[in-house]
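What follows is a pair of complexes built around chain A, which joins chain B in one and chain C in the other.
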Partner chain A sequence: MDTTISSKNVTAKKTRAFGLLSRIRRLPRGMLIGAGILVFYLFVALTGDYWTPYDYNQVGTGKPFEKPSSEHLLGTDQLGRDVFSRVVEGTDIVLYLALTSTLLATIIGGVLGLVSGFVGGWFDQVAMRVVDIVISIPFLVLGLLLISAAGPELAGSFQLLIFVIAFVYAPRIARMTRAVAIDLVTRDFVTAARTRGESIWSIVWHELLPNATGVILVELGVRAGYAPIFVGALGFLGLGVRPPIPEWGLMISENRPAIVSAPMAVFAPALALAVLVIGLNLFTDGMARLLGRTAINV
Partner chain B sequence: MIIRMILSRLALAIVTLFAVSIIIFWTAEILPGDIAARVLGREATEEAKAAFRKRLNLDRPVAERYAIWLSGVLRGDFGKALSSQREISEVVGPRLRNTLFLATYAFLLYIPVTVILSILAATHRERFLDGVISSLTLIGLSLPEFVVGTALIYIFAVNFKIFPVMSLIQTSKSFIDSIRLTTLPAITLMIAMAVYSIRMLRDNLIEVLDSEYVRMATLKGMPRRRVVSAHALPNSLVPALNTMALNIAYLIGGVVIVEQVFVYPGLGTLLVESIFLRDAPVIEAIALIVSTFYILANLFADVMGIVLNPKLRTS
Partner chain C sequence: MSEYITGNSKTVLPDVSPLIEIQELDVEYWQQQDWVKVIEGLSLQIFPGETFGLVGESGCGKSTTANAMLGFRPRAARYTRGSVWFENKDLLKLTEAEKQKIRGAKISLVPQNPTTALSPGMRVGRQISETLLYHRYCKDRKEARERTLELFKQVSLKNPEKIFEKYPHQLSGGQQQRAITAMALACNPKLVVLDEPTTGLDVTTQAQILDLLVELRSRFGITMFYITHNLGVVAQICTRIAVMYAGRLVEVAPTEELFSSPRHPYTQGLIASVPRVSKPSRKQSLLLRGLLRRDELPPGCPFAPRCEFVHERCLQEAQVLETVADNHQVACWRWKDVPIFRDRFYRDVAIEYERPINLSPDQQRLLEVKNLVIGYGSTGKGRFFKKPPSIIVDGISFDILPGETFALVGESGSGKTTVARALTGLTPYTKGEIDFLNAYDLTQPVDKRTDEILRSVQFIFQNPDASLNPRQRVSKIIGRPLQRFFSLSGKELRIRIEKLLEDVRLDQSYYNRYPDELSGGERQRIAIARALAAEPTLLLCDEVLSALDVSVQANILELLIELQTRKKIAYLFITHDLAVVRSIAHRVGVMYWGALCELGRVDEVYNAPSHPYTEMLLKAIPEPDPAQQMPHMRKDVGLIVTDMKYACPFAARCPVKLGVICEQQEPPWRIASETHMLRCHIPLEELPDRLSEVWQAVS
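Moving on to the complex of A and B:
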């Protein structure tokens, strides 16, 4: 008797473990590759500081614009800093800026969209008009306007960049989640909750949010996929983070004048950025497919 | 009915544009720091600064300054640049012309590339060529414009020396020369736009190719080439037109980065320069011009949607 029970338990455990593995195996291949890339970047971001051969800001570790060698895997930049160390130690900065800003935008935009779609009426009208107006300014131009309005004291600070990206993204996310909310509020379970006399927040939290999670997750993924490019573009224009921070877009613009003698100093950060974005896009694409939606990236 | 819908969209676009102008003016005018001290230098006397503020109406309330600015803008007068003291229309005009030249060139490259590649992908669905095109567009989606542009410079300007490293179009003497100087930035913009619409148009084409009337056409013996060109393409272009119009809107914003990569003297580089110079009137003028184009492109996409969609027309 005892033995049968225990053996049953073992097989149950086995099938569960096997089930998880086979479930992972059945995920879209692109999603697995994307997840692999993201895990790798997370690992580099978390541990990079401990195993890079030089400090990212150590000047004169070699001559300026040295070719790649065993001492400097990717060569050096104009101040003789090690490019490999800078690219690796830039990972956590790029990830931090891109992910916090996207998360902030998703929270603000998601709440605004759900509440607006649920409440309707004048609040919805006003909120969506404002959203439409903000969306009518090209996002990069809006970002640059905000940065220039923030002034020289705040320029280059992480908080400003996160705020700017979140401010540009949030209205776009709000519009998307509102469309879902509008569809959901006509369903019976929302009417039931309303009849029960639940508060707005309770309905948004317990009824709308769980049903909108898929759309919000895909939105989050799509925006997160573009956020590193946004951070890099601002850095490239000289309006993002300030030197000597090893943000990849900034590094590309710093090292561009020497692209002939030291192409690696330009292409290493570019490749790091591109692979990260590919990973994010593959992961989002797979996730969207699993959730039965298409990732619309506009 | 349809005219009324279009008119209401037009009215909405105008209202939006006004609201956008308020946002732009407001963000540009709250630039911290004393504009007078910045322009005249630290040694300027208090009287000189006061006179300067009076001349620029800086001593009046923001709402009044906005009204003055707007009435000027509506007459085509953006005021004077703080940094150079030249008329803004003189500063911005040539830059706008250069940007429009670049944008037009990019768009003319974009249409054939998008149509040809998406037809190839759709007709070779799930086969090798489709795989190649899909992977390339996915990679293209993940590459920022400044990376694509820099790579193009490295390949075609540094290694092969076919095109110049910097697109200093103001030095060009002939139309051919201008084309040569603008080719790399135009290709960069084209790639950034095409990667989206190729995927989109491919999916649309496949959907239409699977539909019954296309099967019917194939069954009655119509050649494949004609099935694609006469049935599939026209019907999948309708939804794609919307993407194309949105791509024009993107083109207007993305041009800022691409111009910076190639040191191309357009609106984008002028905007970045003006932000560094803290030249508020020029920033306002450029942001407003760019947003106007953006809103018009979106309006165009909307109107195309109404005109071409029979369902929207009747409802």
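Moving on to the complex of A and C:
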């Protein structure tokens, strides 16, 4: 009896379209734009130090709060530093802080949420109540608590900031991924894995995580956008990045008093941040859609 | 003027103009950056008073046709050619406002899934009055309410006033479908489009709904357009049938003629694929081969790749419907060469696999279940507030022999699936004895089981869409149990996966694919391969066929039987479909409300004496043969009278209930033969007579 079902024709069609260019062209347009923005930021972050007209820390390159001119593309700030140079040279710091901290938060929160949602019962209840408590503390207050607990010698260091952001964001991400896990555990493929007697980690890794990537990616994009603002807010309280480091959030808060007289000093870093957030979101959104074949639609 | 007969009623096809006419319709869908033709050159006419059936596999364009008939264009669809004429208007050209006046008032729809079709936050009665008020069929709320109550009575809903005030989730599936039917009938439409109205329902409920439709049709003379994949249903209710394949009609004929002499090879295969209760033998060579693949259609006849009569011309040139007899049209170049169906069907040697089972009592049992009680709810482990678990299965006993297929049948909610879940250790409360291989105790929960038990008992789920991880490739899905139980890796693993794919008759090209690139039947094959990977001795099959098309069902059924013959695996086969059971099972247990009411070999259970419930289930199956009319007796028989659970669980629905004894005393097991027993207060000798009396009295 020869009823073997052949699917050769289909595969043939697929291989033809394997060329890299045609594959890129098939990607969602939003994702390509997002990727373009991110590549641009990465380029600026890596090379910025070499082609900026001034050093970010050079005081008195012009009068304070100068208007944009050919000499100072985006004007100057309160100390007469060149805003354009500062924004460009701050890119690597912002990318480093935002991405590492949110990545860390996503890993911790994602694992906690998935495991908690899968295990359920008593463990889930305790874990989620703790998460609720952490979420209920306003994040600035929580950040202040953590930084002051860490002691003065660590204050202002990047490692501490990354840890603080991760600690603040992880519970929020855990909540999201737990909701996904709760939905997934009732699916038959998870039941099938349970009847095989697979371990918790194996189920979380092989069955749950691949289906939660969409949600996690979108969450990552949104959180990474907030991270620099959070850093800026901490900086405003004197607990974030120390001046004169050209971190955008810090720049926004430093130049805030002059928002009317020299709007560019505030808007330039804000705009840079906004475009980064848009780029990140377009990219992660596209990724989530590209990975589309999940049990859960984002 | 032509005349044809369906069942008992004579219908005359008048020379009047059709009520609705589709002309040369082309529909395209936007799929992966391209317009794909879903329906091509569809023309059909429906005349006033007839019930026109449209059958075909899933994905052939049935529901798209229904949409066109309502003038509805779904998102990502476009009508590139053709027209739909209704009352001298082209529905596809009307404005949205004009269409809204027609929809619900003149043409109405009974959608597939009543649960999603009713708005969950609105009382059922109001949803129907809303339709009436919107179309100004009733002038105020009071009048609308009266009309709604009247409609509820017409669709045989008991206590219309109570139903009016209820929310959809408070109604049973059958009641919801009745309410939806009432909504469709609300404004006295000329045409009712029924899109698989009974697909999600139990056989008994389906029989009741079909009965209701027949009654409504004779009372109000409604024209119906009935879409279904179930050939049994169309045979029972339709007067004329069109068979659709890949967006084209391949055959149109009056019901009698279509079933007695189908001309198109596809129609023949489709009819032969349906498992029958009365003729259990399978016709191997008549079964449809392969699958409907939209991406592999030749420029000519879409069925050509699967057709055994295929000719060069078929591949090149598309054929059109051609009249072969009165009212009978076929779209096939070679219809003259296709042998007559009856000859093929009866001359064909039925293939029976040798699967003899020694049922003697001293035979070693693979699985022995005694007084199994299963419940959900509290496990009662050291909690402050112990709630008694709600019992789903209440004391059932059966056994399974090595290499045997034991089927559990019953309606939804009878506890069949719960039994299978208990055997895999997934139920929180399991009491009683489950003895596996005389060595293991299967009442243990899954996390306490040894690898040996986990491996030996495998589960195949109802819906392959949900049971395969959408983010894993086929190789990983099948590979996981191999890694888990046999610690295979590398080349060895690959060879085993390929061997398993071969076992389920899929070629190597499936190795790297994702489930969403497969059809339903292929997915179920992958699910079977995954279960086989563990080399089980007991395979629990939970409604493995119900999510599949008839032709695919027949092939999967073949596959399961063949695998059993080769690998000597025992199946616990759970299904609601008694016709399927007849083809695969050695023994059957009939379950009602958590208890077994009949147990025996297949041929014994399907013949008298049988339990009143078994009899009711058997009578409710629509046979794909218009000559075998279902008895019209279900209107009052078999409706649940109370929610009380009596000593005999079936007492509340039993048509031959004796009286108080059924409510208060547990019925005794009556032994019909060494292998056959049933549980009833009525002595075995009296049962068949009493039952036939009842059917006669109500029909």
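Just a few scattered comments:
One rule holds in what follows: the second predicted complex is superposed on the first by the 194 of 298 C-alpha atoms of A that agree within 3 Å, B and C clash if a C-alpha of one lies under 4 Å from a C-alpha of the other, contacts with A are read in each partner's own complex, and residues count from 1 in each chain.
Methods note: a contact is a pair of C-beta atoms (placed from the backbone, for glycine too) under 8 Å apart; a residue touches a chain by one contact, two chains touch by 3 or more.
What you see is a predicted model; the values in this text were computed from it and never measured.
In the superposed model, A:Ser148 makes contact with chain B only, not with chain C. Within the superposed three-chain model, A:Ala193 lies in touch with chain C and out of touch with chain B [touch as defined at top]. More chain A residues lie in contact with B than with the other chain of the pair chain B and chain C.
Of the two partner chains, chain C is the only one touched by A:Asn211; chain B is not.
Applying the stated contact rule after C-alpha superposition, one finds that A:Gly238 touches chain B and leaves chain C untouched.
When the shared chain is aligned, chain B comes close enough to touch A:Pro263, but chain C does not.
Contacts of A:Ser157 after superposition: neither chain B nor chain C is touched. Within chain A, not a single residue is touched by chain B in the first complex and by chain C in the second. If you check the complex, the residues on chain B that touch chain A are 16-17, 19-20, 23-24, 27-28, 30-33, 138-139, 141-147, 150-151, 153-154, 158, 196, 246, 249-250, 252-254, 256-257, 260-261, 271-272, 275-276, 278, 283, 287, 290-291, 294-295, 298.
Listing the residues of chain C that touch chain A in their complex gives 33, 284, 289-291, 293, 295-296, 424-426, 446-447, 449, 451, 454, 457-459, 461-463, 466-472, 476, 480-481, 484-485, 502, 505-507, 509-510, 513-517, 522, 530, 534, 555.
Every residue of chain A that touches chain B in the complex is listed here, in rising order: 129, 132-134, 136-141, 144-149, 151-153, 225, 229, 232-233, 236-239, 249, 252-253, 256, 259-260, 263, 266-267, 270, 273-274, 277-278, 280-282, 285, 297-298. Remark: chain A residues 1, 3-11, 13, 26, 187-189, 191-198, 206-207, 210-211, 213, 291, 293-295 touch chain C in the complex.
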